[in-house]
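First subunit A sits with subunit B, and in the next complex the same chain sits with subunit C.
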Partner chain A sequence: MQKLGDFKLPQFFNYPPYFTLQPVRDTREKQVQLWKDLILDYCKTQHIFVIELEEEFPLFSNPVIERSLSHEARKAFLSALVTEGRAEWLDKGHRKCLILWHRIQDWADIILRFVKDNGLEDGVMTIEEIRSGIESRGTELHGIDRTILMRALKLLEHKGKLAIFKGTSTDDEGVKFSV
Partner chain B sequence: MTYYDPPFHLRNKRSSRKKRVVQRTEGSMASSNNFFPSASVTSSGRPVFLPNEIECQLLSAVDLESDDGPSFPSLKSGLLILTTHRLIWIPSNSSAHSNAIAIPLSLITHIFSSKKSIKSIFHSPRIRFQVSLNSKSLVVTVVARGKGDWDGFLPKFWENWRGRAWETSAGGSTADGSVTTSISGTSSNSGGFYLNDGSVRMVGLAGILRKEQEMWESTDKSLQEAFQDLNALMSKAKEMVMLAEKMRQKLLSGSNSETNAGNNEEMGSKEEMQDWLLSVGIISPVTKESAGALYHQQLSRQLADFVRTPLERAGGMINLIDIYCLFNRARGTELISPEDLLQACTLWEKFDAPVMLRKFDSGVMVIQNKSHSDEEVFTRIKTLVTKPDALQAGITASDAAMTLGIAPAMAKEHLLTAESRGILCRDISPDGFRFYINLFPEIDSDDMHMVKDHGIYSLWVRVVSA
Partner chain C sequence: MRRRPGIGGLQTAAAARDQYRLLGENVAKLRTDLMKEQLATFRSQLEEFARKHKNDIRKNPTFRAQFHEMCAKVGVDPLASNKGFWAELLGIGDFYYELGVQIVEICLATRSHNGGLINLQELCMLLRQKRKTDREAVSEDDCLRAISKLKAQGYVTVDEVEGRLSWTSGRATDALDTLLDEGLAMIDDGHKDGKRRYWFPCVSSISSSVGADI
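Showing the complex of A and B:
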């Protein structure tokens, strides 16, 4: 089985037409579906949050069959993810894409679980600590993308589960939980 | 047999075919023809010409009649072709083509002069001649009831009969055929062409000059006569134009207004008006479908015959552009335009030709046999593309061309069509444009790593893993 790092690739990754944007509608739909799932799977296991279109992305090339996705194809598949709500463009030029292999709502639930697991129902924590503190090690929160974390926290703030307060610098930004 | 001349509204063949009581049967269904020699006709309804015979004029809806008696066969409403050697009459009903006859001009002993009278203006144009058959003398009348250039036909008939083209093999005074067709310049001339013979008619210079001289003299005379009538004509012309315009408007408004079932009478008179306009020579604006000028019909049949050999050589499918080149090259002179070719192809469906025009999504137009089957081609493609080499590396249009026995451009069209049906997938890379068997339907979207035991996907996995 072919691997990309420690990620197990499916058999059809070696099928050359997989790397050419198919014009026939039904075929294209299937192709898009497979790419969407593959991208999400890969990003989840590799903890990748952002894909830059103009940079090399290992999933988009297969040196074994000497094929890689064209710029147009990459854009097409990422746009499909955006349409489905599993990704967002970070810039107007559509060059950077934020991958939501967990939806924002899912992240919010993960944060709540984290809070409960660590007895922080009334506690306070800085943003950085949530991202890289000792408690976060071993959890999915570790190394989470800042943008995603802020969005999830804002969602929870809206629900009244916490309050975000600003410190003197970004390092001091913190959260007061009231779960 | 008294001759019955139907009134205006029954004159046009088109209307008489539609719903009125048919005054004449089409074609000669029961012609026990022991009178005239029969004429060979191709499968597309074109006559088979004798060596050095040239086609000159065509008339449609022609009856051949005789005072001879009841034993004369019924030869009604056929296509009359005047050639340098014969008068060929082909029934319009395509199943009766075997009843086509030909009257050799050499057997005509006398042509009666046609007197112009008031009466003759209102009747169908006709000409009588005496023909000697089986040591019997017979008077035949050609009655032209349809479209066709009668004024071009009549002098050409005289000319061809006098020209006696059948007496000489080549050269000298038989300059009539090829030269005067271009001088008289009628649009219904298709000129004929010879594939097996390949010879060009030898033309004597004296003959050409003589013909030209005669032509100029007669033109001069008729011009003089015309100018005298011209002034009278001009004053009437304006009235006629206004009248025609009124008719046209009436017809147009008649077609636009809602005509329900109860309005049959109005429909009837509208048709009469349409027919009358046609017989006067004005094209009706409400005709939905043009039957095509006679020229195009004959061209279409000729093309259907011609196309068979190249089509076979090309494996059943040939590019329209290639046919254009081949056909014109074979014709030599009197080349046809691309529009004429296209028009001729579209007319094929009207007389059940064995070939058809087909347009691919990419815009490429080809001619193929009606019996051509796409499904059969797809089966062959599928077989080709599931071979181990093709599973590994796919196929190109050239590979398919070799297997299918057709041109690469045609093969590509087939591959693209197969792709659009979901049989193949494309692979575009620096290696080129290749096609693979479509595996996508067999891939499980819920479980990416799953490969079922049976099916093309598992075959593919086995082959590429080896």
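Showing the complex of A and C:
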């Protein structure tokens, strides 16, 4: 099996036609599904949160078979992820895509578990500490994309589980938990 | 060789060993050369044989199978390329190519009856019926060879189909697009030569479902 780093690539990645957008509907659906799963899987294991369409992204070409996804194909697969709620466009031009390999709700659950694991039910923490503090090491929260984190926190704020407060700068932005 | 004592004796023994070794190498080289010559002779005799028995090879499946075996023994594959001596002499590259396409057609047509699985004898029977109007008889051995050739390449271009089967232009595109619509082919526009390729993911499943070891 071919690998990208230590990520195992699926069989279809070595089959040239999968790098061309298929015109026949049923075939296209199957193709899109395979690519969606691959993108999510890869981003999850590699901790990638943003894909930029015009940048080199290892998944979008396979030098072994000398094939690359066209811009149109990349857009098609990412748009399919957006439609499914597993990704979001970050810009109007649809050049940057935020990948939700965990949905926002899943991230919210992860945060709650983190709070309980660290006895922070009534505690206070800065945003930065949540994403890069000692407690975050070894958890999925470590290195989480800021946009995603804020969304998840806002979701929890809406449910009354915490309150976000601003400090004097973004470095001081923090959270008061009431879990 | 008379043994002599002392250093002189040792030197003689060493010189003798060298001479024997050299002789041994020469003998080996001679044998290799002879063998190469024998193979070359065999090859040209095989070509002569093929020329003489061209019709038999074309018409008689058993004879054809034995001929293939003979070729294999000396490392000749008459089907390896569609150009050159063998292809031109025997024209059998096209024979197997066309057979391969017909096999795909039969598998397509019978898919709803047999769920995509057909055994080799039935395939051959259907193939003979399909071809009975003219041309050379077809054996199971031929079917297996045709399938293994299809499997090896995995794709075709419109030009290739037109050229090999002598179809009018457009007919090949229609046929391939039909297979595409049926979900049996996939397009590939990514090759640097810019030619569209039609791939057949079903072919590998055909060769394994025909129940033979290829």
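Throughout what follows, the second predicted complex is superposed on the first by the 179 of 179 C-alpha atoms of A that agree within 3 Å, B and C clash if a C-alpha of one lies under 4 Å from a C-alpha of the other, contacts with A are read in each partner's own complex, and residues count from 1 in each chain.
Following the convention adopted for this analysis, contacts are C-beta pairs under 8 Å (C-beta built on N, C-alpha and C of every residue); 3 or more make two chains touch, one makes a residue touch a chain.
Model, not experiment: these values are computed from the prediction.
Three-chain overlay on subunit A, with subunit B and subunit C in a clash. Applying the stated contact rule after C-alpha superposition, one finds that A:11 touches subunit B and leaves subunit C untouched.
Legend: residue contacts after superposition of the two complexes on their common chain; A:20 is shown touching both subunit B and subunit C.
Shared-chain residue A:67: touches subunit B and subunit C both.
Put subunit B and subunit C next to each other and count what each touches on subunit A; the higher total goes to B. In the superposed model, A:38 lies in contact with subunit B only, and not with subunit C. Within the superposed arrangement, the part of subunit C that overlaps subunit B, taken from 80-88, 98-106, 116-124 or 134-142, is 98-106.
Applying the stated touch rule to the two superposed structures, the overlap between the subunit B and subunit C interfaces on subunit A comprises residues 15-17, 19-20, 22-24, 26-27, 66-67.
On the subunit A side of its complex with subunit C, the touching residues are 15-20, 22-24, 26-27, 66-68. Residue ranges of subunit A in contact with subunit B, taken from their complex: 8, 10-12, 14-17, 19-20, 22-24, 26-27, 30-31, 33-34, 37-38, 41, 66-67.
Those residues of subunit C lying in contact with subunit A across their complex are 155, 180-181, 183, 186-192, 197, 199, 201.
Residues of subunit B touching subunit A in their complex: 394, 419-420, 422, 425-429, 431, 434, 436, 438-441, 443, 445, 448-449, 451, 457, 460-461, 464.
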